[in-house]
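Two complexes are shown next, each including subunit A; its partner changes from subunit B in the first to subunit C in the second.
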Partner chain A sequence: MTTAVTSKETVNKINSSNISFTKNNLSKVDKKDAKLSLAHIYVAFTALLLGGLAGLLQVFVRSGQFKLPFGIGYYQVLTVHGVLLGLILTTFFIMGFQFAAISRTAGAFSNTQRKLGWIGFWLMTIGTISAAVMVLLNEASVLYTFYAPLQAHWIFYLGLTLVVVGSWLECLAQAMRYAQWRRENKGQTSPLLTFMVVVNNLMWFVATLGVAAEVLFQLLPWSLGFVERIDVLLSRTLFWYFGHALVYFWLLPAYMIWYVVIPKVIGGKIFSDALSRLSFMLFLILSVPVGIHHQFTEPGIDGFWKFLQTVLTFFVVVPSLMTAFSMFATFELRGRELGGKGVLGWFKNLPWKDSRFLVPFIGMVAFIPGGAGGIVNASYQMNELIHNTIWVTGHFHLTVATAVVLTYFGAAYWLIPHLTGRKLTNKLNNYANVTGIMWAIGMFIMSGAMHIAGLLGAPRRSEFSTYGGSEQATEWISYQIAQAVGGTILFIAILLIIGVVVNLLWFAPKGEEEFPVGEVAEGAGKTPAILENFKVWGVILVALILIAYTIPIIDIIRNSPLGSVGYKFW
Partner chain B sequence: MHIHKYEKWWLVFGTGTLIVFLLIIGVSAFHAGTHPNNSKWTINYEKVNEIAPFDNPGVHKVEGKDWDYEVVLVASAFSYNPMEIEIPVGSTVRFIATTTDVVHGFEVAGTNINMMLEPGYVSEKITTVDKVGEYTVVCNEYCGTGHAMMYSTLKVVDSDDNSSH
Partner chain C sequence: MSNQKKSDDNLKGTLYATFGIGIVIIVVWALCFNLFIDRF
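Showing the complex of A and B:
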């Protein structure tokens, strides 16, 4: 009798494990797709290490206590920092994450789609290496915004072009997988994560058209010597047509993780599928026609158009508020489900020891002051007080360099073992939590000091200087020392992050790590089909771009002064 | 599409705040005239030193205009001309500046006098200097190796020094 029971139990066990096995197979990233995704992650974290090192050197130099050896220039190091962290870490991580996200939620890529992805990856990598070589040879110390008429070697511009073109191929591969899903599942709402990837890619494509035009029609012919002069204001305007959407391109993958992954990690549900999609569509249409808010203090653009773009910039607050509401609603619902009582009692029931939650959560908190500072920056004439001061550097170290990257790191801590077939062990999880906490401390000191020094007038992107012994510049120095302290803590955090990542890639015990994808809460309304109608939102996007940019660009071209020859002042 | 009641309140409150902010900025800009530099004045940047008023950089007292002084300033890698600007407190000043080479910044540290100087364009800002003190003018746009060596000084001095005030 005992035997019978045992065998029955065994059968049950086998059955349930079979079921969970099949389920696991469906909920895993395809093995071949995992390789493609991992390739991106190698590049991204290499960029983090090198770019972080460059950042450390910068804060040291700016403290006034340290000089760079071997004739290395401060602005060369600054270019390395900006390009590697702002462009390479982000783009590679985003593309790697997105390949995995689609494979996980819409299904494995076809061979053609995956091949397209690999071609894209190699183009991006070759582009990165070519641009990096030019920076290291000191042929391209033009910072990651490469403003004309400072003129870099043409290979630098070509390298960045390859990064963008490669990313287009990857976007195309991802869009093809989405289209395939739509064909195979007519009339159904697409998987939320896949949908979000497609929106982000569409935004990226429309935005990069601006910088592509700048590089192909202006910078490349000019640096190759085919044309002698360049329209500086036009090149800056095309750059910022791209440049602000670039920051949303960094942000939206973090939003994907907040909206879709975090609810599952904490054991809760997605608050609303429809509202998540709506907020992504709002980001899409408000991403590009706002770039002039980076040019408020520039001549040659009329105040009316600057103000119009101020208004459009401000409206991105709406999807941000929606996101904040959804996140905290998910947290509260889950906290109460676990027995949390009172107005804030649910808060302590959240999984504070789980790095998959804690690390991105720190990012979310940083986004509150980060977003508020952004509103200050975008406030037209208020921008005069902080434009190009180190306040701005402090601002985007809260947004992209905390909110966004901590979310990426928090995701990498489960994504990498998921892709390599390993486990995030308790010990690694604890180290991961330490990275998040150190980041918070380091950034609070560094970014806080940057914000204050910026209000006192300290310029960004500047080597240590006493400005002829000026009293004001003396005031800035103590804040620069604080930045060096914060920056050092951040660099130690980076070393620890690399340690965790290396373990997850090659040394952690074999096992299965979940790729968490949340389900929508019961009682959340059905998703209206309009939210997936790319034609409608595409038309609105193009219309807003035409309204916001046509007349300013015609004005710039029509009133353009004599163009500029190239300068190499470094 | 279903939107939770609290979320509606939250969004109405948020969007309402936004509109108030925009109204304040808009009224301040278009009614009170507090625009940042929006100058449309273009110039041949290679001949700046020959073209008026840049053939004579410095502080000029003017009559019959809405401002009392004109400050004409030329930026080049890596210095400003003039190196020192002195203005009596309380005067209304029109800053007129341009560059002879790459993009530079013109930022009077700790104030809202802050504009980009781009080759081919003249940048302008009219403002009243209402606080005595010595202000550092810094270049806040990366322009090359000597970028952080580029500065000038704005001295806002007691008006007793000047008979007209």
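Showing the complex of A and C:
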């Protein structure tokens, strides 16, 4: 064992108090909280279906064998896909999961906290509908990054603002429940899952300040016609201040499931509470001051700041590998407990037929090449190799669209029946496993083809074109057809996922499905109080952000050019 | 000579697997670096 060991007596005391606390008070999500959580899940899976359909249309168009009917534009479909899956599916699922996670581990929300949650939910929903209507009316085909100088209708920007403001209210409700727990349990370490939610929310709040500033002070006045021109570089820098942390906002809930839920699903233990909390705090401080690694080719940012943020980005490898180590350790300890022998013999003893484990596990595996590709993206000069190529699209389809979403789906397969009072039957479990396997096959084909085509120079964010019969563009076509094949398999998997979800919501037999929450391994050391000291980590976070961003932003504003008028190319 | 039995309660597999991920990262990076040097 590599974890620190305290005296046996202390460990037993901690474990027995945890167990009795869990059994007596907190085995289920409160019924009223369950409704709030489920409301988010309805929106999330509706977004999955519509966004997935848009993705299917995209890969068909890019294969060169299909033209969109009824005057629908490629970039319109691309925007629907990115906004619905990248922003709406993720944010709604995360918030729904987090409400359930806190209710399960810290206790039911008060009426005031829950009301705040509902207000947040409706703001987010109204915002989503407003933005979606503008995209469907072809007034906002600006893709999910909504880069200036592409200019959308102001209602699109307002809609996205409502999504962010709504999410802030929900974060506040969750933070209030955490603060209440701390008041009621002075001197105790908070439940791990609740702590992780609060870290994720704090990171989200700090990150969204950037995009809020961009939308409120730049995009809205510009799209409303109050100002004619916009500072494009400033808007992109504010976007990426938010945009990279957004990636971690997607990822950390998946990590919550890996660290806390999966150990219980496999019948094992959480390897170390302290290691889990340290890894989350490292993600908190390293997620925001790294956004410039998305802007390596921007001419208006000095090379020194790009280099500094490259270094900070590379530090993210540390908590990532800590997580990998912790997961392997949980698997190995459990596998050996079940009689696994040899160096890797324990691997076959894991519950491969249980979709609650298999589906997120496929996600974990996808994260290995996804992470490796990410290192290439972040390697400053080497970024030239893949910048704005479809490699990048392949990369985030491995990370967010496989590692993250398969973990969400794997969680939905027990969370939804837990909330609806139904059972994940053997038959549904088998279908759920098929969804994971189909996703893996479809994504291997699609993302693999994207990576290779990207290295051959194929651009991202672009409709099918032979580029005037260029020889280089001809090389990409077979990979684009492969993307259509992979994308079709993925869409069939989405239909199957929706089928399982609909069953779990309304048709599966009544019963009880567990919300699995792992316990810490015996022998794991007591968690140091510093790991829950938000003041200390908050100061480090603010300091790193100030170091990484103050001078670049002053430089951008001081050397601000005339700015750009808005363009609508669609 | 020790009479101790060889224990299976270890994290050897975890160690190898974690290093394995590190090696995958380095190999992917090195291959891309090779392309980068060829191209630029």
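Going forward, the second predicted complex is superposed on the first by the 545 of 570 C-alpha atoms of A that agree within 3 Å, B and C clash if a C-alpha of one lies under 4 Å from a C-alpha of the other, contacts with A are read in each partner's own complex, and residues count from 1 in each chain.
What we mean here is this: a residue touches a chain if its C-beta (ideal position, glycine included) is under 8 Å from a C-beta of that chain, and two chains touch if they have at least 3 such contacts.
Everything numeric here is computed off the predicted structure, so don't read it as measured data.
Trainee: For A:S470, decide between first (touching subunit B), second (touching subunit C), both and neither.
Mentor: Touch status of A:S470: first partner only.
Trainee: For A:L321, decide between first (touching subunit B), second (touching subunit C), both and neither.
Mentor: both
Trainee: With both complexes superposed on chain A, which partner does A:A329 reach: first (subunit B), second (subunit C), both or neither?
Mentor: In the superposition, A:A329 contacts both subunit B and subunit C.
Trainee: Check whether A:G499 is in contact with subunit B, with subunit C, with both or with neither, and answer first, second, both or neither.
Mentor: The answer is neither, since A:G499 touches no partner chain.
Trainee: Decide which partner touches more residues of subunit A, taking subunit B and subunit C as the two options.
Mentor: More residues of subunit A are touched by B.
Trainee: Touch test for A:P509: subunit B only (first), subunit C only (second), both, or neither?
Mentor: Touch partners of A:P509: none, neither subunit B nor subunit C.
Trainee: Can A:L344 be said to touch subunit B (first), subunit C (second), both, or neither?
Mentor: In the superposition, A:L344 contacts subunit C only.
Trainee: With the two structures laid over each other on chain A, which partner does A:M382 touch: subunit B (first), subunit C (second), both, or neither?
Mentor: Both subunit B and subunit C are touched by A:M382.
Trainee: For subunit A, which residues lie in the overlap of the subunit B contacts and the subunit C contacts?
Mentor: 317, 321, 325, 329, 375, 379, 381-382, 384-385, 455
Trainee: Could you please specify the touching residues of subunit A with respect to subunit B in the complex?
Mentor: Subunit A residues touching subunit B: 73, 75, 143, 147, 149-150, 232-233, 236, 272, 274-275, 278, 295-303, 306-307, 310-311, 314-315, 317-318, 321-322, 325, 329, 375, 379-385, 387-389, 455-465, 467-468, 470-473, 524-525, 527-528, 559-564, 567, 569-570.
Trainee: Write out the stretch or stretches of subunit A touching subunit C in their complex.
Mentor: Touching subunit C from subunit A are residues 1-2, 317, 321, 324-325, 328-329, 331-333, 336, 340-341, 343-344, 346-347, 368-369, 371-373, 375-376, 379, 381-382, 384-386, 455.
Trainee: Which residues of subunit C touch subunit A in their complex?
Mentor: 8-9, 11-14, 16-18, 21-22, 24-25, 27-29, 32-33, 35-36, 39-40
Trainee: Please name which positions on subunit B make contact with subunit A in the complex.
Mentor: 1-4, 6-7, 10-11, 14-15, 18, 21-22, 25-26, 28-30, 34-46, 77-78, 101-103, 105, 107-116, 118-124, 134-136, 138-149, 151, 153
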